[in-house]
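For reference, the structure discussed in these notes is given below.
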Amino acid sequence: MIRLIYAFVLTLFLILIPLFGVGILGLTRFFSIVIPYSAFLIFLAGSILRVLSWVSSPQPFKIPLTAGQQRSLQWIKSSYIESPYNKIGIFMRMLLEILFFRSLLKNEKTNPHVSKWLLFTSNKRFWLMSILFHYSLLIIVFRHLKLFFEPIPSIVNLLSRIDALFEISIPTILLTEIIVLVCIAYLLLRRIVVSQVRYISLTSDYFVLFLLLSVVLTGILLRHLFRVDIMDVKRFALGLFLFNPYIPHFVGSCFYVHLFLVSFLFAYFPFSKLVHAGGVFLSPTRNLENNSRTIRYLNPWNYPVKTRTYDEWEDEFREMMKEANIPVEKEDRKI
Amino acid sequence: MKKIYDKGKTLTGLIIFVVLVSSPTWYNLVFGKGNYVPDLKVEKNGKECVKRTSYMKKNHMELLKVWRDEVVRTGNRTYVREDGEKFEISLSGTCLKCHTNKQEFCDRCHRYVGVTPYCFGCHNIPRETRK
Amino acid sequence: MKRRDFLWIVGVSAIWGIFFPRVLASQEKNRDKRWVMLVDVSVCAKNRDCEACIKACHETHNVPNVGGSKEQIKWIWFSKFEKVFETEIPPIAQKKLGSWPVILMCNHCENPPCVKVCPTSATWKRKDGIVMMDYHRCIGCRYCMAACPYGARSFNWRDNKRYVGNVNYDFPLRNKGVVEKCNFCEERIAKGLQPKCVETCESRALKFGNLYDADSSVSKVLKERTSLVRKGYLGTNPNVFYLL
Amino acid sequence: MKKEIPPQMNLSPKDENWMEKKAEFKKGTYCYGAPLKHQNYLGLPNPREWQPHSEDWNLPENWKDIILQGMKDLLEKYRSFKLFMDICVRCGACTDKCHFFVGTGDPKNMPVLRAELLRSVYRRYFTLPGKIFKKFAGARELTEEVLKEWFYYFYQCTECRRCSLYCPYGIDTCEITMMGRELLNLVGCNIQWIVEPASNSFRTGNHLGVPPSAFKETLDFARDEIEELTGIKIDIPINRKGAEILFVAPSADYFASPHWYTLLGYLMVFHEIGLDYTWSTFASEGGNFGLFHSYELMKRLNAKIYEEAKRLKVKWILGGECGHMWRVIHQYMDTINGPADFLEEPVSPITGTRFLNAKSTKMVHIAEFTADLIYHGKLVLDKKRNDKWVITFHDSCNTARSMGILEEPRFILRNVCNNFYEMPENTIREKTFCCGSGAGLGADENLEARLKGGFPRAYAVNYVKQKFGVNMVACMCAIDKASLPVLLDYWVGGVEVCGVHELVGNALVMKGEKERVKNLRGEPILEAEKNEEDLR
Amino acid sequence: MIEKALTGGKNYWLWLAFLSSLTFLGLLSYLKQLEVGLGITGMSRNVSWGLYIANFTFFVGVAASAVMLVIPYYLHGKNEYSRIMIFAEFLAVVSVFVALLFVLVDLGRPDRLFNVILFPSPKSLLFWDMLVLTGYLILNLILGWKACEAEKREIEQPYWTKILVYISIPWAISIHTVTAFIYCGLSARPFWFSALLAPRFLATAFVSGPAILLIFCLALKRFAGFDPGQNALENLRKTVTYALSVHIFFFLVEFFTVFYSDHPEHVKPFRYMLFGYEGHYHLVAFSWISLFVAVFSFFILMSGNFLYKRKLAFFILTMLIFGIWLDKGLILMVAGFNPTPEVELEKYMPTFPETIITIGIWSLGTLTLSLLTNIALQIKKSI
């Protein structure tokens, strides 16, 4: 529980930084230009270096986790996704994993039961919430592209329109706003309520959720309550990417909080568990074929070791073998 | 950096990543409209606006929503500003008196920030300049 | 405005404000207005081909002219006396009156069945008796059409904007999927004008006024002349009276 | 139900800061340290007599540097390790998938936490936030307590990979445990039950330290036993040069029970089809306890198979029923000791089937081989001879989750017996539960941990016992055959364990055999009993 | 548990593919309807509700009829239904789901759907119908799912499901009553303006629901090798028969009241429906078919060995369901809106896209039911 409080306080502290910096010290230039640029640089360089550090280590063995029948005898139906034996199988497996969270879909809870000992109950809720959460975030990011692209690609507009499917209030309350809030609340509550997950949760686990929650909440506030001059914001956003920075004038401190938290999230990305977004592509238990008996796999650092050779071995047991009429190597040579 | 394994795949992935995150830069460079800021035409042939410009820039939709409900649901057609000045609550009667050109005022900005308000579906403003 | 600002300030109320605004707008009992329309059937009978009121109304309110199709939209229209007042008049009298044209429109009933059934309060009765339609809120369930005994309501079965001849830009158009009907020209009343149909009718077959104002012409006329309402036995208590 | 639900089975851990909780070496839950003799024989680092429960572990002076340097090396050698240290989000999908957690309720047996034991140290010494923010970034110092904790929990993981199946990123606790054990090995923290068989295997060729003469004797004994049962005198070739196939089985098959009956099954099948094969006294062990210890030891022990195949000039290799032996052969052997270019692509001499999936490694699993024989009708089988038993099949973790050999044994079973029932679907195939004694944990001193760890498997067996009257669990793993009888006897009772080829041996109708009245276990065949009743 | 829906033979997959493609066609037509508006349907200014609302009414009835199994099974402890209880619950779930879909496609502005919740109007019966239907859907989803789970895990159902069962009984009656109130509270529509409408709805519901379930069970027996138990089928037959007799009786009561009183407004739609009015005979054939089928099948159903003649049973039950569907669907709508307030007669004929959308929703319902049934069957098979 103390970790939860640490994380909460830390998030509050982060929120206070821009409030103080912009609201009291008036450091608009710093918070609208220096912070986003440095955050983005850290994000870009950090992510690339992180991936490079992963791939600078070789994967010495082919260790796919086989979740289905191997390809062996022709008349046995093999599972080419669960136990892939070629690139197509791998591609399908990774596709299902990344787009549909397939492993998570398999999840089931193990419950103690007085008379039956164990009960396995399906736990699709977690999968559903996770996938909704991730796709909502993706759509939200996509929606924000309207601020960074001029002219706005029609696909972004289309997505925004689908997101505003239901005509509720003005500006329309978006589906992803609601879904992402519900999902974050679920993920947070789960960490607090489910004792197993509470036990394993670290400060950073809570912190990431609080951080995302505050990003989402400030975003919602900006849309529905503390509105900003969106023209100005777009000018600012475009300016950033065209290296022609522009300080927005008609935005409130809520905007700076949002911007700062997003910047922080980006900068924090390469150093946190959020790198799972990239790491999932590299997972050796999922992205390798189950064909290690068919095709020889090479380990770049495979080094010779001291083994016990047959000759050494026979030297020790020769007499015994001869007595027992077991053919021996040296003896044969002698005769 | 030490030796990189799976070089091809990794570099492809990283290039895709970099291209994606830098897409605003090159997209705007390619299409050359990144520095475009719509120029909004206001003909001040009426009085000054019912609210400050800075307020309207951010909150005109909120005001329109309130106005809409005032007229439709409560039948009140007069808006009294804080300083006591009265205005008729009417999109076409009041707003468009000054902002005569929807295309050059409303649409330009809405298109710029990717907003499609559904107001104009029914509250049709003619193509030609309104007088 | 004040109430709204207050709602925004208090966070919890803000959410409440999004989801349940203005749900319980109470209807005031002590009214000082009750708008009524008088239709002098005998005047119309003399000008059988006159459609001036209909044309004027539909032009003013951007009512699309879909034609005589099943998707017709009409705010004001006419039918034959024998169809409208089938049982109210003895058959012998129908001989004379039966073929007379009768101007029909929303009756703005005192006890409107359409208001009762609307699941979103998109249609409701105003203090001055006008049965209003909120096109912003209508979900297009057409329950009100089923409930209206007078066929006064029309539905936009498709995007009908192209059927609007000369658009009156002072009045909104309607999107597809919503119900519409005569609004007693509430936008004109607000400006102190008479409804368009009344204003247009050169032979003054239509009269409009406040029934609760004892001095108004409509009160005086109704006191003196015999009038009919449509399907009075249903208890809807219409506000359109037909003078014989 | 014979036994009540274990009282410690509480899957809701109480709130506590796990980083500050020390591992408690309770008798019955940990394995003994390796004897000096065997450490020395294998030349392991920091050799000494030691026990985990003693206060002083006699670690080398600079043990911390050794571990951290070792960790650095491993991070550079294994992408899996590096990745798994970074990408866990602690979503909790794996928590209740571990049989040790389910059985013991010890929260540090949750796979994610087992990995966190290493991860917390990794963060402290190898990541920026961990170096700066320490505790707040989930990092902790490497202390002797942490090392002991590692020892306790990395030797309470059977590397079964069940958690990995459910992990959305495929994080494999088996890899984590392997790395943990590698690190522990660097400062000489090993267990007897791994190092002793490994050293035996290194010296004599097999885990039990059986010398070649005894090996021959026991095979002769098997020959006699088969003659007694079937009236057929079979030939068992040993170290025969120029044979087509080298057969390698886990050594338990010829020295332990019920493995022994599986051995008889192999021999009968080989004789019946007239296979041109040979046993080897040098490569008399398929099992490889090096896998549970370190990469290097695994490689050292595994080398003899190819060496012997080369010496005996066989065409290809056939492997017996074993679990971790097959993990090594399937996923490691070709990489570490290949290429086996002196062998030929395996082709069944009986059916002509080419085992394309073993094209490079040139080693075929006996279940693949026998399933192919049965499919082509090369074996005459009398299912009724197994009617005495109601059979279920236990997938061994290694063959199921690291090989994907799921259908072959089932195909064989359906062809050799009439009563075959599956255990609940959450506990079979790729979701199979470990016996609780894999990865070198099958010792006696940690019996309590083993019984608790095997509880989910026992649950599943008990389930089918109650429901279908199952009284025989078939499996294809030597460790299973050794550990399941103890486990099932404790939790369930009245259920026996056998190998798949024991049932094949029972059902096999051999040419020229006498009337079979006894099964391989020497017990009367049910059918025979019936006949007797009929006669009466 | 859901993954069990995906295990099946070739025929099963073909069946799913067939239903999916129909659903897809329906979806395409609905997208067209969204684009063009409800103008692509046959509904008109005067007949403003049609095929969609007709089906809505019918399926609410089917959903409510689950109570005819719930009452004997849970209240009277009759175990005949133990094997098919789960199917009755799934049928209820699917029917409510389908009914709600029909309302959805009937809306002119589905994007404003949530206005019903945002601006709740307790005076409107549609508001209440929304409440009771979603409530019933959730109730039956929980009950069905818990029953399935309990069966699969071979454990007792949690005690609170029993409470939900008791709640679900009056709730089932309420969904159809409220649905009937939507119509019978309208003085503008004399054909509906009858206190007997709700009882009539319930009677027809208790015919159509169990009849569908009976066909369903016979089909399961024939094609899936699942035996629901002869007693269960026999009881279902009796339920259908008794409900049918009540339905016929209620119709005669209505018939008497209308024609004996000779109230002009009430007589007109009835005359239009049964005998034609002012030269318009749109409904006459349908009405008599519906009546004839009801009476005829009543006599056939009375026969004790009805169930043993499988083909006849299939045929009669299908005809009966079709007759009821006509009665409380199409005829209810068209006769309700005719004659119009200005004493005109307006013909209503569903259009092609309207029919495709309807078939699409049926298919989606059948698809869902097939998947759920397969789950239940797989569970029953696995234990």
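For reference, chains read A, B, C, D and E in written order, and residue numbers begin at 1 within each chain.
Here is the rule we go by: contacts are C-beta pairs under 8 Å (C-beta built on N, C-alpha and C of every residue); 3 or more make two chains touch, one makes a residue touch a chain.
The structure presented is a predicted model; accordingly, all values stated were derived computationally and were not measured.
> Could you tell me which chains are in contact with chain D and with chain E alike?
Under the touch definition, chain D and chain E have A as mutual neighbours.
> Based on mean C-alpha positions, which chain is nearest the centroid of every protein C-alpha shown?
A
> Can you identify which chains form the pair with the largest number of contacting C-beta pairs?
So the pair of chains linked by the most contacts is A-D.
> State, to the nearest whole Å, the distance from the C-alpha centre of chain A to the C-alpha centre of chain D.
Distance between chain centres: 33 Å.
> How many angstrom lie between the centres of chain C and chain E, each centre taken as the mean Cα position?
Roughly 37 Å, centre to centre.
> Chain A to chain C: how many Å between their CA centres?
Taking the average C-alpha coordinate of chain A and of chain C, the gap between them is 60 Å.
> Which integer distance in Å separates the CA centroid of chain A from that of chain E?
Chain centres of chain A and chain E, defined by C-alpha means, are spaced 46 Å apart.
> Can you tell me which residues of chain B touch two or more of the remaining chains?
Counting only residues that touch two or more other chains, chain B contributes 2, 5.
> Considering chain A alone, which of its residues make contact with at least two other chains?
55-59, 113, 116, 120, 167-169
> Do you know which chain D residues sit against two or more other chains?
76, 79
> Once bound in the complex, which stretches of chain B touch chain C?
Those residues of chain B that touch chain C are 66, 68-69, 72-75, 77, 92-93, 121-126, 130.
> Enumerate the contact residues on chain E facing chain A in the complex.
Those in contact with chain A are residues 1-2, 109, 111-114, 118, 149, 153-155.
> Which part of chain A faces chain B closely enough to touch in the complex?
Residue list for chain A touching chain B: 40, 43-44, 47-48, 51-52, 55-59, 145-153, 156-157, 160-161, 167, 169-171, 227-235, 237-238, 241-244, 250, 278, 281, 300.
> Mind pulling up the chain A residues that touch chain E in the complex?
Touch residues, chain A against chain E: 113, 116, 119-122, 124, 165-168.
> How about chain C: which of its residues touch chain E in the complex?
19-20, 23, 70-73, 79, 83-84, 86-87, 104, 113, 116-122, 137-143, 145-151, 154-159, 175-179, 234-236
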